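For reference, the structures are reproduced in the following blocks.
One chain, subunit A, appears in both complexes that follow, with subunit B as partner in the first and subunit C in the second.
The block that comes next holds the complex of A and B.
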């Protein structure tokens, strides 16, 4: 049965219109509201506000803390991308190629952090890093490495690197599953052919597995970058509150501090606009560098 | 410098009422015969919305007061908006000019100064002049600390009289023979002794919230070093205040504590409950907090721990301790829908009866003078001890701050302060950074 044009458009409208309405309400409206409020001097806690044009943007350019928050954000982006991707690929390959009997068990174990709230993860790791009661310092002392023990989250130099570990721990499972899906779809005949040609397992990984799961890797990297730029604020807020002395503030946590602690909502909105711009630029740059022909064998 | 307790020998001011006498009065009965507006519950109806923050003081006192008020005005429907995050939860109501009628301003996410600047609070100047206490004396003459005035007008009434100080475990100190500090020198000696005998860093505070140290230790120290004038200057960010000699000398004391290794090495990571927990577990011996500490940590307090409170001992030998009152006000929204009921509630709350029950419920003090707690068995011992000490002008000098420090100034100063406590900057570098923050704040 051939659909009439009207039926086709009706079906398209049925699919698109409700989605577009929800998208407009929950994404476009807040986005443009944020942009709008960035032109105001507003505490965010009353209805009175004053239009000040680009003053907030000028202030942002002079802000000494904001450039540090950008650096912190990209530090987390880079360490998370490498940390998560290397470990997720390693575990995915191990669980699919090495024929481990307990593979389903490990799949569940590695995915477990993903079903936990980031808030719970933050609190959990705050206890793990606790200077006197925490697992990290106790473990170091147990191993005779007591001189390495330090107040991880309370040290201006170590606080930010300390946030990387829980972020990676919390992220591996999801990407491992995505990659397992990709690897499972690679036909066994490619590996058999490679083996007949004399390729060892390492060569099979580089020449067969990696090129064929590149689309999954690319999506994973983009996803990690976007979620880190937009969402690392949660773990920062829970574990350090941006401190000590702004050592762990990322753009999101600095936005929160300005908008809801210091009652500079308009300025906070300006930071939000900058996060959007930087996220867009980053994703475009990444798309450019990761462009690669789709591989078919 | 002011003294707020009118007679040093009496607790909380001049006219001391006997606790027994007060206990004999029913608060509901009191309210009926006391108020000017709305007394007897005549014609008061509709809905009254009350917003109050529930933190270290809990909410049992509020429940009691609101229940009594309901009895007094049975036709009134009271809606309570309460909780530890209530300031954030109610923000959208305030933004949309649909606020609750009465608000108790306390806790994270609230700022009295900001609310007044935004025109959200009603002018209470006339109302407060008409309120009388049970004995017929005007309320305005019976505040321990007077309400803040903005351009000569009153927008909030200080309900809770709190003060920050330094806590220690009295039982532990007595058992181990540790000295309770009386000035900065003895403070250092005591901390040195504790560090040596117990092998702990004796002093802890919240590094995630450096304002605990700023308000709990530095404000009284600034008061002691330069009086209310210096205190006002540092809070308002006056030019040259943070680089003044008095401030530098105070910060050198902090640096001295850091160099001696008296600060908990992990304090930079601790939030306020973690630092308080460390104190309860004797991982540290001193912690600067307000009167709400015992109530807030009641569920975690070991049985043998006995709370002891002293004003933070940062003053030089021979000087009295300094304390800086920290007030939590009650206010009426400018756009309150039921202003009449809101005014009746505010009038209803300020009673000596409720001041007594406030101390019983919270272990803190309501901002009304002439309330005797000495014979009251339901009031914790530390509060009686603290009161006795605070009421002795030989021992304690009270310094009043003009208003809370703006978050725009407190945040950068707190950051630099933490760096100083962690040993990353010197006292000289701190005052320079603080002065720069004050300059930016002024501009």
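The block that comes next holds the complex of A and C.
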């Protein structure tokens, strides 16, 4: 292109600088200053900010609720990974390998909850779990299992497991599509070869499909883990608000409560730092364990 | 004969879980639509049945006495403003990263992309005070800016990968014809990227329309509530007011634009989301 160096850099600056300045102000700066705030005792007004070093972190170690929020987070991570992956793999294989005429219909329907608002999903499911009007309890009574009916979201033992179902319900479609994309790229000749070797459908699934879509499975698992650790608190906030008796609080909802309800901003930032550290560690560990040689046939 | 029977049997067997899941997905949504036409008495008498008459009173109530009108209005503002801002900010950056050689372009791209993986909850506390300082707290403009920046990484990612497919010759000949780089960006690249721009905008629009948590933190007065907050407010009050019908009507109002977009752009949305997820 015919232009002087100066013009080139002017144009580059025009393209990059305004965006990067805004990005720095609204994304990079808050992340770093969140780290900084975690060393302060701070209730919001500028005069009350006091540097306390690692006191917030020590308090975190003594906090009785915080370890439970970590457990709750990982409970959701594990149940979601297994629930979503098993169903998504099953649906993806069923829709690609067996010639089902109405497959596009299922694809369209299963994906839809992925673009629904968490508010809508949360409220809808809160009503499904409603003790007196909800679908779950009416269904149990209808089947003669009335004694199993309970106030699902109000029960300390059942509230957290009850949050898994809506998350799976809302998540499956996306991962099913990602896996379908992977399976469609597997060449037909592998299956033909497997068939000639006498492998049945089940063996074909384990020996051909699964190893060849492993990259997609790996990405899906990582994505579920990241989005759960970074975002499960939204559905918690809408469906239970962390209750009953903190039985459903995850790290994010606990941060919200500490910072924006009780105005312990420094302590909230400390929880935020822990979320950041834990999710980074989790992703690194997962990537290490899921490292598997790419399969070539 | 036997050979043909077996796959057919399997196919029928496989359909059962598929159909069950279809029901699990559709039933709550359809039931929400139906519920929005039922009076409270009907919901209590028969929560999962059909309404006797089509009653639009719930919609009228939600719209006029439960702040859904301003919720819709505010959500439209942040959605449109956020969508527009994201494009203005993302397009030039995506073009520069993809097409102009400069030192650090790789690093810059990595910084934007890794922001997609980092939990932003930590940043929301300082952001709260930052917006307060800028007088943008409890402001729809402030929220739109925050929204736009939050979707920058995704938008830059999709736009750069699309711009990589535009042939370079077009820019070269335009530049020989005397068009400045600004002109090339505005008159050549932007129109040629329409496909990607539409995909990104739809994804962002759905995201902003549905967003709840940042709105919860950064908006405070009820007249600024976006639709999600307004509905959440009705929901938390419904325990006492028992206005279930109104609640369903407002949920229906919230979901209809998403259904319409999905009906028109189903393929694009599915593709945009899977591609956005695969970046890792």
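Convention: the second predicted complex is superposed on the first by the 265 of 297 C-alpha atoms of A that agree within 3 Å, B and C clash if a C-alpha of one lies under 4 Å from a C-alpha of the other, contacts with A are read in each partner's own complex, and residues count from 1 in each chain.
We adopt the following convention: contacts are C-beta pairs under 8 Å (C-beta built on N, C-alpha and C of every residue); 3 or more make two chains touch, one makes a residue touch a chain.
The model shown is predicted, which means the values in this text are computed figures rather than measured ones.
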Joint occupancy of subunit A by subunit B and subunit C, clash or fit: clash
Touching partner for A:152 - first (subunit B), second (subunit C), both, neither: first
Contacts of A:164 with subunit B and subunit C, given as first, second, both or neither: neither
Which of subunit B and subunit C A:34 touches, first, second, both or neither: second
In the superposition, subunit B vs subunit C on subunit A residues touched: C
Partner chain(s) touched by A:138 [first = subunit B, second = subunit C, both, neither]: second
Partner chain(s) touched by A:193 [first = subunit B, second = subunit C, both, neither]: neither
First, second, both or neither for A:45, with subunit B first and subunit C second: first
Which of subunit B and subunit C A:286 touches, first, second, both or neither: neither
First, second, both or neither for A:70, with subunit B first and subunit C second: neither
Contacts of A:18 with subunit B and subunit C, given as first, second, both or neither: second
Superposed model, subunit B segment overlapping subunit C, candidates 272-280, 308-316 or 380-388: 272-280
Common ground on subunit A, meaning residues reached by subunit C in one complex and by subunit B in the other: 126, 260
Partner subunit B, residues of subunit A touching it in the complex: 43-48, 126, 129-132, 151-156, 159, 240-241, 243-246, 257, 260-264
Complex contacts: residues of subunit B adjacent to subunit A: 88, 91, 94-97, 108-109, 111, 114-115, 117-120, 207-210, 264-271, 274, 278, 283, 407-408, 411, 415-416, 418-419, 422, 424
Subunit A-touching residues of subunit C, taken from the complex the two chains share: 7, 10-11, 14-15, 17-18, 21-22, 24-26, 28-29, 31-32, 43-44, 47-48, 89-90, 92-93, 95-96, 100, 102, 108, 112, 115, 117-128, 130, 145-146, 149-150, 152, 171-172, 175-176, 181-182, 185, 206, 209-213, 216-217, 228, 231-232, 235, 244, 247, 251, 254-255, 258, 262, 266, 269-270, 273-274, 277-278, 280
Complex contacts: residues of subunit A adjacent to subunit C: 1-3, 7-8, 11-12, 14-16, 18-20, 22-23, 25-27, 29-31, 33-35, 37, 87, 90-91, 94-95, 98-100, 105-120, 123-128, 133-135, 138, 169, 172, 174, 177-178, 181, 201, 216, 219-220, 222-223, 226, 229-230, 233-234, 237-238, 252, 255-256, 259-260, 265, 268-269, 272-273, 275-276, 279, 283
